[in-house]
Amino acid sequence: MIAVESLGKRFGDRWIFRGISFELGRGDRLIVLGKNGAGKSTLLKTILGLAEPTEGTARLPEGDPRNSVGYSSMDMTVYPFLTPREHLDMAGQLRGCAPRTDELLGRVGLAEATDRLSGQLSTGMRARLKLALAMQAEPSLLVLDEPGAGLDEQGRRVLDLIVEEQARRGCAIVATNDPGERRLGNLELDLG
Amino acid sequence: MNSIWAEIGAVVRKEALTEMRARNGIATSALFALVTVVAIALATFNRTIDKDMASGLLWVAILFAAVITLPRVMVTEEEQGTADLLRMLARPEAVYWGKCIFNGCQIMAASFILSFLFFGFTHVGLESPGLFALSVFGGSMGLAGSATMCGALVARAANRAMLAGAIAVPLLLPLVALGVSGMRVAIGPIEADFVYDAGVRAVIGLDCYGIATLAIGVLIFPFAWKS
Amino acid sequence: MEKLIKYLKWLFALAAAAVTLWSFTVPDAAGFQQPEFARVFFWHFPCPILGTILGLTTGWFSYKYLATHDIAWDVRAEAAVELTTIFWLVTMASGILFSELEWGTWWQWDPRQTSFLLVLLIYFAYFALRGSIGDETRKASHSAAYYLAALGPTLFLIYVFPRLHQIAESSLHPTQSIMQGQIKGEYAYIILATLALASILSAWLYRLRVKAGLLLLEEPSYGNLETNRSDTAHPPVVRPIRVPDESRE
């Protein structure tokens, strides 16, 4: 479903990572490990095309990437002046898919907060909103960067369920430095 | 693939909702307009400004109001960390047109506010409102296109606030030159038909320059937005 | 081969000296306030021609970069744009000098001078943008995008604006001296010679600049010695390992 071929990214004269190669098929869940600054987030962004690789290629699943790829990240923010409902409605309109607003917000446990401004939500609630946005179009590839950060016990269970469901539909890449989250994957990539 | 219009609509709606709730763009522009006009009035000791001078002053004020406020629309996405979300959701063309429409409306509103304050404070009359409106319209298109693109180019640079102005203004000076020629005729006095014709030609040139800016912008914008 | 290049360099120096001397042997041009100083024109004229050619070449290189994302095109674009800027600056400087000699003022907001100043501002803005983006690929793509966006206004300012009817009337700058045949005979030959010299010089500088730029891009290589990987995050190939099911909870 996704093939990454000797991917490398350099900032100035320092290589952040280099020679990353892997392929993921249906049901694969790749855990990207590494300490802070090891380049986990940059690797994910490079795979997604949000950052340009210095060398190598990443082939994403077929189809419009907006629908075939879902992405949620620690350093990605939601619009502070929009409500969770407006986020999902807007995303559905942009992607051209069914917004499934109430269903998704219910699943991530935001049913009570659908009409509050996102800027007033807690970090954990915003993380849930980002999860809902990432899986809105039922993507073939789900990319999560530090998805557990800010989530409480119930939130982690939601995350487990989401990754499990994703494995049935396609594949997932999860970057983390939380050893607890290694349970989510069947493949591991250590960036040191 | 869904229609591009729906996507553009979604981007404009998002900008408008944010603007309605945050109220920084329009309010800042209006305040800027007021401050500028008061400054001009003070600097000219309330004497009636020469009409040639008036069109130049007004355009410089509009230009700076635009380059100060407009790139914010792109820069804010990057600063608050929402740019990646938008990149994952929307096509670059939709982002460009959505932001341009929003920016264009904003600068048009700001220009009209600024102009009315200007005409009110400086006792300069207006002889051809049609020419005036057309020149503000063309100017807004050009300013919106250029500022949206330059905003995207500088959004991740360290000194973005100043850089946006520094790289946008040189591109916009031909537009200002045409705008001033049109505005000078609009303010009047229009002594002869050929003067009016010259004004019309300048305004048509200005509107064409605005359209060209928007068209080049949509070709260039994806490279500034992606990567 | 190296010897040949050395001789060619000497030949170039001799040719430059010869043309310079030649330009002083021709009789003073008639019809100028300070006829002897009209020779500034020999160096004023070829510069905008080369500037335009190199400027358009930069546009082509920028387009190629955006189309291929090959960083070598960015190096070429940077080399070409630097030379373009130098030629614009020389055009400007010689124009200012001539303006003082001929019309008695360094700067008079002549439409030609003004539009050229705006072009220079666009080029300075380009360098400001280049200088403020750290990431190599982003710097390349953003500056290429800006250059292409600025190409329209630049051409407008150089070729359209000064020829607009109202503008041209108020300008002191001659527009059609060549077409009207005011420059002929030996003067024309000298101009052609300086143009040829400046072209060779700019081709030479361009090659050197591209070579330097490409060398800067290359990674340090340590020959056959154990490669120093301290600047490299990881060994050459990184592949994921499969985690057996039973090792997990």
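Labels A, B and C are assigned to the chains in the order they are written; within every chain, residues are numbered from 1.
Definition applied: a residue touches a chain if its C-beta (ideal position, glycine included) is under 8 Å from a C-beta of that chain, and two chains touch if they have at least 3 such contacts.
Given the structure is predicted, the values throughout are model-derived calculations rather than measurements.
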Exercise for the section: Farthest from chain C by Cα centre, which chain is it? Let me know. Expected result: A
Handout entry: Chain closest to the middle [Cα centroid of all protein chains]
Key = B
Fill in the blank from the handout: Here the gap between chain A and chain B, centre to centre from mean Cα coordinates and rounded to Å, is 37
Problem - Whole-Å gap separating chain A and chain C, where each centre is the average of the chain's CA atoms - result: 45
Completion exercise
Chain-centre distance (mean CA atoms) for chain B and chain C, in whole Å, is 31
Completion exercise
Residues in chain B with touches to at least two other chains are numbered 227
Problem - Interface hub residues of chain C, defined as touching at least two other chains - result: 134-135, 137-138, 141
Problem - Sites on chain A at which at least two other chains make contact - result: 52
Handout entry: Residue ranges of chain B in contact with chain A within the complex
Key = 1-3, 6-7, 9-11, 13-14, 17-18, 21-22, 80-82, 84-85, 87-91, 94, 226-227
Completion exercise
Per the touch rule above, chain C residues touching chain A in the complex are 69, 134-138, 141, 219, 231-243, 245, 248-249
Completion exercise
Per the touch rule above, chain A residues touching chain B in the complex are 45, 48-52, 64-66, 69, 71, 73, 75-82, 86, 90-91, 93-96, 117, 133
Handout entry: Touch list for chain A against partner chain C, complex
Key = 6, 10-22, 30, 38-39, 52, 54, 182-183, 185-192
Completion exercise
The answer for chain C against chain B in the complex is residues 66, 118, 121-122, 125-126, 128-129, 132-135, 137-138, 141-142, 144-146, 148-150, 152-153, 156-157, 161, 166
